């Protein structure tokens, strides 16, 4: 067990355990709060993968913004007032079966494929390099994303505002 | 040794050491706050414990540790208890990337991350989660309202703050705090970017929930906001987190705009940093005891309708200068 | 030695957790949380493939960032929809929102 | 200047943009923009004409626009004597008419729009004139057609105007379609759309025999439609519903002459067709139209329609001239006709402006009240009827000489036409200007330009263009020889005719005047007696040779039967099928809708279930 393996397994455990709480907790607030360690675990995974900028953005957006947004909405809707006994719908069992089957297939596919790792040197993923890539080769995707961002911003405001 | 393990070690070390530093800073900060408020309000302030009341906070801390931890009857215990950890932890994480000074062996910093500023923004944004958890977990309407206000406020003010950070990073051409400080060896960015500095300080004041943006814990409206129900050591931890966050914000402002440890050769760099830090802290306290409080709608409007447009315009103008005028 | 497969299995498990949430939760917000988990799993894949299969490239991280951005969009719009539904129908439980059914 | 000729059409186009968007808010409601644009374009046109005439400047500005398959689509503009002359003519006439319109259209609620349309037309016409390929030519062709439609129907509140606009558009469309087919045939066989490329292709034998003749005639079909030749002449008289400056500009001077210009521009197509069959078609169509138009003019009472028939007939002369190898004669007649017919129309407009009616029988005695109009109108009439030394005499005479050398039958037709021309124009003059005013004493609306029981001379903004045009009319005729050397086509130079020929045609014209004088002022023969005596002829003429009726019967009658059948087919077979499908889908949906739970979880579950099943099946097989 190298340090890397220890870190990986610890982070995976954090992520998966929090994930289980997210999907299974009968209390929606607990689910939402459990998202934070799950996202932070994924952040750690990114750091293990040398993607520190992605990790920073992950914390900033997922843990810092999306979770807060989700908690906010829960508290503005019924999550803040009362608990429902029934959080799971009628297809819980078959859903679990299907999810398990998908998991089995995905894991089988991941483990049985022979991946040939490229031994090339890892690029230094500085923020500057990523920025160059965004405004260079991936400019179209960048612009498209910004348009989507703008549209969803406007759309969210229009959907959520009170009609008067 | 792979660098990610180094990072983990650095974080651990920061937490260990800065728990000490930050606790001391927070305790001293509380004392300072009381002294300054007293001075501004023409009172004397704490005076009996130790010389000139210097040991007052220590006494308070001991008192708080001794006190019973009261948990409200219908509180959500897990959330109620874990919220206490998140707030100070997030505040302490901020210190990882703050360069305190220059020594013979290099800058005095735990890790000079190349995403330093982003790291700072990310960790400081985590505080909101803790506050929301505290507000909801207390099962108290004042606490919940305080938590919700805090969430709205902090999410709103994170944006102008991040824009101000980006402006500075753009000028320095790096997200690394050490590089940014070194880039100011001749000219502090408060001169080049007065607007960004103002925006940062205003947003920082809002982020740490201080007057005039202290709606989250507005005593006259919400008792103590999200930590109304906390007592004893948990209350102390919240205080620690809050003051730690304030010191972190001030330190970041010093790093980004006031030239960090740079200063005339008279004093060692670390001392320069501390002087600037406390000057800024004094400004925060001065403002706190001088200004009245905003209304919640004024607060949110101010962020979305004034600060963000101004910050965006500033960003564009800066980008223009960086790219076109002075490449 | 942690290989690509480790990351892929982890991402598959996170994805399935998200899928399970989406399939079985009644609460609209919980379903959004499941979607966020699935997107995170996809991001792990992107970054892991970038490191192991195409070490010189940027695309994996770049697209992970784009996915994060789009996740933020999705969360904003989705939560706005949940709010609107709650305001109009007084429920965010998706099986109770059936005005247009049949 | 010549290399920048392509800029000329842009002046009016800019004016269109300015007037459309700012017109109502500009001082003088934007008319000056239009005037400035066309005057500038006209001056540039004159400058180019000068350069081409003196320095022999030429320009062929080509641009490779696109590649269709392996065929390059080369477009561009050409400046040569032909287009230079047309540029100058269009520029001058259009400038004068635009200035005139300021007076004529004063007070119209859609005043700026009128000038915008006028400028748009000028742009299109200049564009058409400069085109060096069929693509641009066709584009300009359609654009002038559009402007014609818009301007004929400018007063669209009046049902006849709206109907006339539609009629003009649809009738010319028939010709345009034929032209398009012709162009496509050429493109198919020579692989190019540029005129020179097609001419070279023909000389290289890429398209020969009857197909060449057919294609040339099809292209000529466009000219037939646009220039109102038999059998597509029916729209031109109705087009007189438009404002009179429009009639002068579009339906006398420029657009209808575009057909003639097209034939002149693509002259090699016709002259190279086997046995010059295509050229003969042009000549005969022109000759027939010349005669038919003139005869119909005799019985018409509407002053503008008389002029319209006259235009039609004169265009016939031009085609005839081109058809009998009188290339420069035909083109010269185009130019002189443009000036004197514009003059006549503007004079008629001035009259209509004064008396507020189109009916000649309600006029009379206007020579005294409107002296400027009368004298200029008389100049135009004399030119039209071919009295020396007015310009019409020279050009028409040249055509007749060419016809005499080539085809005696056409010469006879042309000469008879000249007689009738003098007859109906004399009738017009005497009805309008002589005698006493027969206009009703009841005054139409007292305010507005088109009113007043008492005829009066028009404002100078209208009379000055008349005088200038009259001056041109007088003076242009003496340019016959230089013109013939300037605009000519090798191989289409008719031999000089016998000397008596000129005298004969003058005599014929004078005879026409004399006959008119005998009938109208002197009453040697009463018009009504003539009408009774030749009742059958009168009926035919009044009904315009029954063209409209035949078209109505054939196209509307047969067409409506066809439409009925097609409608029934559509309703019962096509719609029936669609309805059956819809019914089936509806029933299926009625049953299957219970599958649509409207719940995302169910759908997603099925999607992933399906995914699992598909992957498993794939793994097992």
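Going in written order, the chains are labelled A, B, C and D, and every chain counts its residues from 1.
The rule we apply is simple: a contact is a pair of C-beta atoms (placed from the backbone, for glycine too) under 8 Å apart; a residue touches a chain by one contact, two chains touch by 3 or more.
Keep in mind it's a predicted model, so treat the numbers as computed, not measured.
**Student:** Look at all chain centres (mean of CA atoms) and spot the one farthest from the centre of chain D.
**Tutor:** Of all the other chains, the one whose centre lies farthest from chain D is B.
**Student:** Looking at chain pairs A-B and C-D, which one is connected by more C-beta pairs in contact?
**Tutor:** Contact tally favours A-B.
**Student:** For chain B and chain C, what's the span in angstrom between their mean Cα positions?
**Tutor:** Chain centres of chain B and chain C, defined by C-alpha means, are spaced 32 Å apart.
**Student:** What's the distance between the Cα centroids of chain B and chain D, rounded to whole Å?
**Tutor:** For chain B versus chain D, the centre distance works out to 82 Å.
**Student:** Just curious, how far off is chain B from chain A if you go by their C-alpha centres, in Å?
**Tutor:** Their C-alpha centroids are separated by 27 Å.
**Student:** Between chain C and chain D, what is the gap in Å from one C-alpha centre to the other?
**Tutor:** It comes to 68 Å between the two C-alpha centres.
**Student:** By residue number and range, which residues of chain D touch two or more other chains?
**Tutor:** 601, 605, 608
**Student:** Quick one: which residues in chain A touch 2 or more of the other chains?
**Tutor:** Only 4, 48, 50, 53, 57, 65, 69, 72, 76, 89, 91, 95, 98-99, 102 qualify.
**Student:** Touching at least two other chains at once: which residues of chain C meet that condition?
**Tutor:** Only 19, 23-24, 94-95 qualify.
**Student:** Which chains touch which?
**Tutor:** A-B, A-C, A-D, C-D
**Student:** Could you please specify the touching residues of chain D with respect to chain C in the complex?
**Tutor:** 593-594, 596-601, 604-605, 608
**Student:** Could you please specify the touching residues of chain B with respect to chain A in the complex?
**Tutor:** 1-2, 4-5, 7-8, 76, 78-79, 82, 86, 113-115, 118-119, 121-123, 125-126, 128-129, 132-133, 136, 144, 147-148, 151-152, 154-155, 158, 162, 173-175
**Student:** Where on chain D does chain A make contact in their complex?
**Tutor:** So the residues of chain D in touch with chain A come to 601-602, 605, 608-609, 611-612, 615-616.
**Student:** Quick one: which bits of chain A touch chain B in the complex? Just the residue numbers, please.
**Tutor:** 3-4, 7, 27, 29-30, 33, 36, 47-48, 50, 52-53, 55-57, 59-60, 63-65, 67-69, 71-72, 75-76, 80, 126-128
**Student:** Looking at the complex, which residues from chain A come into contact with chain D?
**Tutor:** 89, 91, 94-95, 98-99, 101-102, 105
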